[in-house]
Amino acid sequence: MIATAWRVVGVGFSLLVVLAAALLYGVDPQQTSSAGAMIGEDFWFAYEFRTDGLTVLMLAVVGVVSTCVQVYSIGYVRERIASYTAIVTLFTAAMVTVVISDNLFLLLIGWEVMGACSYLLIGHYWERRDARAGAMKAFLMTRLADIPFLFGIFVLGVGYHTFRISDLGSGPMEPHTLTAGTLLLLVGVVGKSAQVPLQTWLPDAMPGPSPVSALIHAATMVAAGVFLIARLYDLFVEAHTTLTVLAVVACVTMLFAASCAMAAVEVKRVLAWSTVSQLAIMFAGLSLGTHDGRHAALFHLMTHAAFKGLLFLCAGVLLHQVGSAAFVVLRRYTRRGALRKRMPVTFVTMTIGLAALAGVPGFAGFFSKDSVVEAAWETARDGSTVGWIVLVSVCVTASMTAFYCVRLWLWIFFRTPALAGAVGAFEDDDPMADLEEPDARKLHEGSWLMLAPMILLTVGAAGLGYTDGVHLNWAIALITTVLAILGALPAYSLWHRGADPRPALLEHEYGVDPAYQRLFVVPVRWLAKLVVGGDRDVIGAYVRAAGRTGVLASAGFRKLQTGNVQTYLTAAVVGVVALAILAGVIGS
Amino acid sequence: MTTALFSIAGAVAVVAAVFVVTSRRIVHAALWLVVALGGVAGCFGALHAEFVALVQILVYVGAIVVLVLFALMLTKAPTNPLPNVTTGRSPFAAVVAAVLALILGAGVVLAFGNEKIRPVTAGSAQAVGTQVFKTWVLPFEVLSVLLLAALIGAIALSQRPSQTLPSQKLSEGSDTVSSSGKED
Amino acid sequence: MSQSLLIALVAIPALTAVVLWALPVVTGERVAAIVGSIVSGLLLVGSVVLWWDMGRLHCPCTFVGTSTFGPLPRTLPGKLSPLVDIDVSWIPSLDVRFHLAIDGISMPLITLTTLLVFVCCVYSLKITPRIGRVRSLIALLLVIETGVIGTFAAADLVLFFVFFEVVLIPMWLVIDIWGDDHDRAGRRRAATTFVLMTVFGSALMLLGFLLIHRQTGTFDLAFLGQHPLKGGHGIPLAAAVLIAVGLAVKMPLWPLHIWLPDAHAKAPTVGSVLLAGVLLKLGSYGMIRILLPVLPDATATIAPYLAGFSVVAIIAGSLACLAQTDVKRLIAYSSVGHMGFIGLGIATMSPEGLNGALYANLAHGIITGLLFFLAGAIKDRHDTSDLRTIGRALYARLPRISGLLTYACLASLGLPGLAGFWGEMLILLGAYHPADWLPRSTFIVLMAIAGLGAVLTAAYFLRLIRDLCQGDPAEYPATAFAVDLSRIELVTFAPLVLLTVVLGLWPFTLLNEWWVV
Amino acid sequence: MPLILPLLLAVVLFCIGVYGVLARRNLITLLMSFELMLNAVNLNLVAFDAWHADGLATGQTLAVFVITLAAAEIGLGLAIVLLLFRGHGHVDADAARDLVES
């Protein structure tokens, strides 16, 4: 009963968000503020809200995706439904707070409550070890990034004597403080959107339920970083060094994530790395510093939210039916395209999603990625090296994206080749494989509750490209399509030969995670034992020693009591004499 | 004339006192005490405090020293010269006494260096008598009560012959019962 | 009216304690908890009325933007601006006055005290330590309440010291008699270390007070507030150092915190809640009320060192928590970390830092009170507080309690939107922007390290949740008497949970409270 | 007659008494030296009385009181000494160690 109540509240709230987005659509930007408190004599703390075009866009994205996810979850989640739905609703509320807040601290509240909700939701299946570990890593990494984020707020806030976002940038500000502030904010954004230095938590967050991955790790939370930079864009534009840093980080992440996605052995992990890569593309767009770069990034954010959310929901259906999203398990069902035949709707929706992701012309991904490439090309043409770097890396990423999309598509719906090096890999015609051929009959389409949101998102993935007015630069469109084909062909040929050459480096994702484990986690644990030991032995020893000296001293004084009356008398007389002398000395 | 008399008596008293404190034989020490107290009585006489001198001889020499002698007899004090009559600490005690003497002497000399005692007419017991029963009557009464209490205490203490220490009472419970029985 | 209310707040708990002790044992046992709850409930209402009434006198009207006070120099809050004042000569010869006065700083803390004691009494209605003897337990709690409220209201140094000491003996008895009933020797050692170290500290503090008296000739805080002891070196510095060390023992700063984990591990639930929730605040309140206004220049000299030790406390406290296996010891060490934050806040001597310290004081009191209640609940159900023996997958066995534990852990690690965040954030802002006469670069470095400490705090709380609440339920079957949240526990925890949310979402009424200072 | 003479005499007597009390092993000689000290005090009292010579003879009265006090004191002292002797068989101050902390 409580579960249904929470479900109603969840869906209702997300619909409310969509409604708010719709209502605010044409309205001109305005700010409202609640009561507040004055701290010290120049800081005014209050909850301030602001609505403008950017807010409407984000509200729409958040609203739509969260509605789809809430409806989808009704069919998907089976245990602890009430707490699950409550936390997803809280998450949506937090994201809305981030989107509409005009005060840096209110934004920080939404920012970190999102982190906490993602922790709780990733740890939803806390029976499983990887879910527990993934949840903790996600929260700790985002929390680690949020501390510099807080310091960035301090630097900017104290610099401009206000924490109101709309007033930031108004007062005079030394460039190096601005750069320091924006760089610190950048660290927070890199942590939250899983860019290169702090990217290991997103792939490990996949054990969480798929709707959660769709909502949090595809559409909203990770995109909050893009939203923040877009919101404070005029600040970031002034800080050139920060933009160049952003560009470098984005390009490195793009290529790193795309390469890892090419070698991943699990559907959701591929999608996770793909999300990191697509986010990097958005950041690359932002890092160009031009307004149409910002516009392209936001456009890509919107389309990415749609098709990536869709892909995660489809992966959810696969997970639901097959029990695991790893190719090793899927392999047994893909013998004769069983997945394609048994689950046609999922097949169609996933194909459109992958097409949008790969940038097949006509779909949303194609248009948004092109707008980024176009923006990059314009800045590159004006001679900025950043533009060139971004342009080249986006193009390379486009082809890599096409590679892993086609690979994913073929492996799931047509035939998964023998996975070299994967656990229990067996050849195609291995007799053993057929024996325990699971009867594919038990596979069946997800319930309509799960399919309806997927279809809605498919419409989005297909049609969103046209909402931003089709002004296509034919040359760039041609180049990106050619790149996509260049990426897709090797995937097809490899699949056709049944080979799966995965370099160990890519499979272990460049060994970044074990390195972090060795570099940070082990020393901290050792330090912890040192501190506890120190407390017990070093400081504790002093305290115990104080006690023992007391006892020893008393034992020593006891020896003075010899029991002989005359000794006492002598001592008394000596005392009197000494006092007399003292009195005499002091007296004179 | 009185100064000469006084210094003779004083010298006698001091010499006797030294012997009291250092003599090897305890009984001799008691006898030297008699001489010392006699010397002091002489000094009182020199200061015309005849009544006090007489009381001194009467009570001190007569009663107290006799009591001491009785005590010596009861505690079977050896009459032969004892080898170590003073404790290990005696040199230290001597030093302490000497320093005390120096300080007191210095104090007294500084305070009353050149005071003179005017020759006094023959003192009389009458003045002491009036004082005891006029201004000092309360301390006198209290003193009498104290004397009474002290003596009762002394009797009570020495009343129970087998008053053994509590520690020993436990070990030989039976025999105390028998001994006190025998006592009555 | 407010005078009489203040006197009532200080006197009634002690009187009730005496009445309870006077009752014959048989009736006393039954009626003690009820009487305790009623009296502490009345006191809670009384303190809220007093606060509201005090609030009415100088309405903290929230004004927007421009501050009508004009450009204030970065003054030192903590100066006593008494709103309710009782001043009676007590020991004329020592010129010690029975001077009770409360203002914006002490009133919230008094309300926190009455709330926590009321919650403890209600908790003891049903749940009491196995040893029983509820009558004396409730009486001791009420005596502690008198001591604490007296300390918060004292406006005379000696009176502050007296009430400061009154609190010790009852807490010692509570730990010694009602403590962890498995380990008698450990209980005694913990209680004795607690008392001895605190008494050592307060002896130094008294020495500092005497030095102040020698210099100024008066113990009165109101007067000392107006005419502070100038001079950053010499006697004022000696006094400041002595008082700081004395208070640092009570509010455990790093090297002097040894007594806290043992005291908490061995104390009963009710004792831990009060020890952590209220007694630690005496130290920080003392620093704000005595060190800052009375010895401003001397405090400026020792502020960087105080900040240094506080940051070490944050890091050492958090690291120690990572290696703990006992739930209550872990929460005790987390208190060391949080009090480190509050120490840093005070050391910045900036309005933000001090507002942050005061706010963190209250937030820590509520959240750690809730944490200790939960730890106590878990310990009572498993008869041990050792993580390994309690086992994992508590979500499966005790869903509500572990849910609340997760909530409390998130609140305690300073999740924004809950009470813990505002205090720490304002303290870090204060550290970024310390008073003008403090070395700014050192404070920024300390702020960075404190930020790292906040991450470590998050690390050990999540480790606690992972090792206690999560886990495969198949391996850890529910123990026999693992009944989930009982009604009394729900009633006791509810106010704390609600307050954490309210203070987290709406800090402005409270922050306005200290603006007037 | 110079007042200092009796006073000095009293001081000497007193210190000899102190030596006797601190050094002598036998308890009875200890009491005897204690008597010496009391006599020194008496001498002082009488000397000052003579020096004042105000006819009130206060010093002499007090001297008499001291003498009676000495009597009472020696009575008790000897009773205790006898008790010690009965209990332990000796009257040696050094050997009586019952007060020692075990």
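Order of writing sets the chain letters: A, B, C and D. Residues in each chain are counted from 1.
Note that in this section a contact is a pair of C-beta atoms (placed from the backbone, for glycine too) under 8 Å apart; a residue touches a chain by one contact, two chains touch by 3 or more.
Which chain is which protein? Per UniProt: A = NADH-quinone oxidoreductase subunit L; B = NADH-quinone oxidoreductase subunit J; C = NADH dehydrogenase subunit M; D = NADH-quinone oxidoreductase subunit K.
This structure is a prediction, so every number in the text was calculated from the model and none was measured.
*Asks:* What are the mutual neighbours of chain B and chain D in this structure?
*Replies:* Touches both chain B and chain D: A.
*Asks:* Relative to chain B, which chain has the most distant C-alpha mean position?
*Replies:* Chain centre farthest from chain B's centre: A.
*Asks:* If you average the Cα atoms of chain A and of chain B to get two centres, how far apart are those centres in Å?
*Replies:* So the centroids are 102 Å from each other.
*Asks:* So what's the Cα centroid distance for chain C (NADH dehydrogenase subunit M) and chain D, whole Å?
*Replies:* Here chain C (NADH dehydrogenase subunit M) and chain D have centroids separated by 66 Å.
*Asks:* Could you state the distance in Å from the CA-based centre of chain B to that of chain C (NADH dehydrogenase subunit M)?
*Replies:* So the centre of chain B lies 70 Å away from the centre of chain C (NADH dehydrogenase subunit M).
*Asks:* Centroid from C-alpha atoms only, then distance chain A to chain C (NADH dehydrogenase subunit M), rounded to Å. What do you get?
*Replies:* 36
*Asks:* Two or more other chains in contact with one residue: find those residues in chain B.
*Replies:* Expected reply: 87, 89, 92-93, 96, 100.
*Asks:* In chain A, what residues contact two or more other chains?
*Replies:* Touching at least two other chains: 566, 570, 573.
*Asks:* Going by the touch rule stated at the top, which chains touch which?
*Replies:* Every pair of chains meeting the touch criterion: A-B, A-C, A-D, B-D.
*Asks:* Under the touch definition given earlier, write down the residues of chain B that touch chain A in their complex.
*Replies:* 87, 89, 92-93, 96, 99-100, 103
*Asks:* Would you tell me which residues of chain A are touching chain C (NADH dehydrogenase subunit M) in their complex?
*Replies:* That would be residues 33, 35-46, 83, 94, 105, 108-109, 111-113, 116, 119-120, 123, 126-127, 132, 136, 139-140, 143-144, 147-148, 150-151, 154-155, 157-158, 524-525, 527-532, 534-535, 539-540, 543, 547 of chain A.
*Asks:* Quick check: in the complex, which residue numbers of chain D touch chain B?
*Replies:* Residues 1-9, 11-20, 22-26, 28-29, 31-33, 35-36, 39, 42-43, 46-47, 49-51, 53, 55-61, 63-65, 67-76, 78-83, 85-87, 91, 93-94, 98.
*Asks:* Within the complex, which stretch of chain C (NADH dehydrogenase subunit M) touches chain A?
*Replies:* 62-65, 67, 69, 71-72, 74, 193, 196-197, 255, 258, 261, 316, 319-324, 350-352, 355, 393, 395, 403, 406, 410, 415-417, 421, 425-426, 428-429, 432-433, 447-448, 451-452, 454-456, 458-459, 462-463, 466, 469-473, 507-509, 511-512, 515
*Asks:* So in the complex, the part of chain B that touches chain D is made up of which residues?
*Replies:* Residues in contact with chain D: 2-3, 6-7, 10, 13-14, 17-18, 20-21, 26, 29-30, 33, 36-37, 40, 43-44, 46-49, 51-52, 55-56, 59-60, 63-64, 67-68, 70-72, 74-75, 77, 82, 84-90, 92-94, 96-98, 100-101, 104-105, 108-109, 112-120, 123, 127-128, 131-132, 135-136, 139-140, 143, 146-147, 150-151, 153-155, 157-158, 161, 163-165.
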